[in-house]
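Input: structures, listed below.
Paired with chain B in one complex and with chain C in the other, chain A is shared by the two complexes that follow.
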Partner chain A sequence: MNLAIDALIGLGLVILAWQTISGRSLFRGIVLFVVFGLTMALAWARMGAPDLALAEAAIGAGVTGALMLVAYRRLVQLHPEEPAQPNRRRSRLALPIAALAAGLVAVIGLGAVSAEREPGMAGLAVMSELADTGLGNPITGVLLKFRNLDTLLEVAVLLAAFLAARTVFADEEKSPTPPRGDLPLVGALLAIIIPLTILVAVHLLLAGSREPGGAFQAGAVLAACGVLLILSGRLQPATRMGLAVGLPLVLGLLVFSLVGLAALVMGAPLLALPGLWTVYLIETAMMISIALTLVLLFAGASGLRRGDS
Partner chain B sequence: MNTAWLFVIVAALLFGIGVYGLIIAGHLLRKLFAINIMGNAIFILMVAASGSLDGSPDALPQALVLTGIVIAVSATAFALALMVRLYQLTGKATLQDDEDADD
Partner chain C sequence: MNIVEWIAAGVLTLGAVFYLAGTVGLLRFPDVYSRLHALTKADNLGLLLVCVGLGLLAADWQVGALLGTIWLLGLLAATVSAHLIARHARHGHGQATTNSEES
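Moving on, here comes the complex of A and B:
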């Protein structure tokens, strides 16, 4: 029975991926890609990886979908008459190459699955080590205790991607302001949704040390708040990045680096986190930075300012 | 046949679809779909092949994949910016070689 559910999800993934690739309309492709991401989240949940399910739903499907929709809208705005020409390359080699690639992945995967496992594998060693750290969630534990440099650089990559995206549009004229949300229900709806979303984000952050969750999932949920505020005109893209935006943008990198260096000064290895409170401190700073970076990527702007409402 | 085998097969199929889409796609946005699907296929492969589906949870591949998801979004965001910029400058969202190949 369980296998049947997994098979259904797997079949859904394959069909959605094929539809995303082969569909005619670009817009339909984006929507199908978001559905693909949500189905991926289901698959992660079935595979016993709730952290990945949360990340996939919030970041993989949500943020990527929003960014793709914004890019699509800009393409349409630039040339409204022909937004997407359904052109496809013809290539006789495409199918054999794809089949070979799929075969390669299958061989690697099946080889790894059927391989004999030694009892002293790294994962088990990590699990026993993590029991002493007070971090009940092994994923957060691994990310912050054993792969802390990777996690630090991951935040740096996100920041670098944002800066690179801004550099590409360096000489762009001011992007058109989105339509003002004048509908009477928008304000009331935001007044309910925004606090609830912030609550969910903070819960994901705090729960991240014990249960599924963490800074990245929380940051993506928090970013949804910013996206809502931009769409309703409460926040407007700005051309200049003030200190109020710039400082939170690098806060995650800054706090993580400072705590890591402080460990070095105190004689511990670089980036060794002395206690649970530093984990919360770093995760909070990272959440703020991640959320702001994602919102700015969505807005396609260097800064944000209050809407005149 | 168990869950791990099933998801390895799904990963292989997804990767094949991604490679196929990457080759035949004309529009750059479609190429981005394809690259993201390939990435997701590898993520599934890493978790499914790690043996964590068979009872013993292994946090390492999951943590690696979590990092991978964030990096994938970062790269996609930058690629989307490049695509929009290319469209602004040339009026096309395809690569030069693709147009030649169509002739």
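Moving on, here comes the complex of A and C:
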């Protein structure tokens, strides 16, 4: 029974992936990509990786899907006369590349399945030292205690990606936002969904030290709030970035770097985080920065302002 | 299997039937409004039945409360999105009658 479910998910993933890239229309491809992300999250959950499942559902399916839909809308606005169609011409390299990728996946998969557990492996070392960190979730332990330079640079990469995107949408005409005020149900939906979403994000953040969760998942969930507010016109894209947007945007990088440098000043190694409270502090700052970066990418703007009315 | 598990299996199957009916309606009905009708009606009842079945299997009031919350949130999202799509179609955007993929 379990094997049948796994086989169904695996087969579904392959078919969805194929349909996503070989679809007749771009819009269909985007929708199928979101379905692919959700199915992938199911697969991660079945493989016992709930952290990855949460990240895949929130970032892979949710935020990336929203970004793709925004890009699609821009495409249609830019070229209303010609429908946005994918390039139908098949490259001669497609088949060899697909075969190579399949071979690579098969080799890595077989290698992972047949690998023996050795006493000196990094994963086992993490599990044995995890108790000293006070963190119950090994993922968060690796992200913030054992490989925290990687995490710091991930936050920096996200900021760099936003800065690169900013050069593209700096002088572009803003897409008109839908009128609001005459949609009573949307206001009611926001009044219920926004507090619940913030609750879920904070729960993911706090639970991240013991259970699946963490700053990236929480940030993506929080970003969904911002996307809803932009879609309903409560928040409008602005061309100028004020301090109220700029400071939270770099908060994660700032707090992480300062705490890491403070450790150096106190005589500890760089980025050695003292105590559990620094983990919570850094995770909170990272959540805010990640959420804001994703919302600004969705808005396609450098700043945000309150909607009219 | 005891009696509770049999009941849960029956309720879950009934929920799956509602999902199937809703999907068939979404694909086969002629226009936006009747498709929305099929989707939201069948989805809500299907979700309710699946949640009831899972709650019976879990036999835990905490899990039951979570499942109930999931159903209520599903209802809310389905209601508002159906309202928005119907409104969009009524105002003449998109094609209300053809089997268009982009509405």
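Basically, the second predicted complex is superposed on the first by the 286 of 309 C-alpha atoms of A that agree within 3 Å, B and C clash if a C-alpha of one lies under 4 Å from a C-alpha of the other, contacts with A are read in each partner's own complex, and residues count from 1 in each chain.
By our rule, a contact is a pair of C-beta atoms (placed from the backbone, for glycine too) under 8 Å apart; a residue touches a chain by one contact, two chains touch by 3 or more.
A quick note: this is a predicted structure, and the numbers were derived from the prediction, not measured.
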Superposition on chain A - do chain B and chain C clash or fit: fit
Superposed arrangement, angle subtended at the Cα centre of chain A by chain B and chain C, nearest 10 degrees: 90
First (chain B), second (chain C), both or neither touched by A:V245: neither
Which of chain B and chain C A:L205 touches, first, second, both or neither: neither
Touching partner for A:V227 - first (chain B), second (chain C), both, neither: neither
Which superposed partner A:A301 touches (first chain B, second chain C, both, neither): neither
Partner chain(s) touched by A:L271 [first = chain B, second = chain C, both, neither]: neither
Touching partner for A:L196 - first (chain B), second (chain C), both, neither: second
Which partner reaches more residues of chain A (counting touched residues only), chain B or chain C: B
Contacts of A:A218 with chain B and chain C, given as first, second, both or neither: neither
Overlay on shared chain A, then closest C-alpha pair between chain B and chain C (Å): 17
Common interface residues of chain A - those touching chain B in one complex and chain C in the other: none
Chain B-facing residues of chain A, complex: 2-3, 6-7, 10, 13-14, 17-18, 20-22, 26, 29-30, 33, 36, 40, 43-44, 46-49, 51-52, 55-56, 59-60, 63-64, 67-68, 70-72, 74-75, 78-79, 84-91, 93-95, 97-99, 101-103, 105-106, 108-110, 112-113, 117, 121-124, 126-127, 130, 138-139, 141-143, 147, 150-151, 154, 157-158, 160-162, 164-165, 168-169, 172, 214, 216, 297, 300
Chain A residues touching chain C - in the complex, by the definition given at the top: 25, 27-28, 183, 185-186, 188-189, 192-193, 196
Parts of chain B lying in touch with chain A, wherever the complex brings them together: 1-21, 23-27, 29-30, 32-34, 36-37, 40-45, 47-53, 56-67, 69-78, 80-85, 87-88, 91, 93-94, 98, 101-102
Interfacial residue positions of chain C with respect to chain A in the complex: 73, 76-77, 79-80, 83-84, 87, 101-102
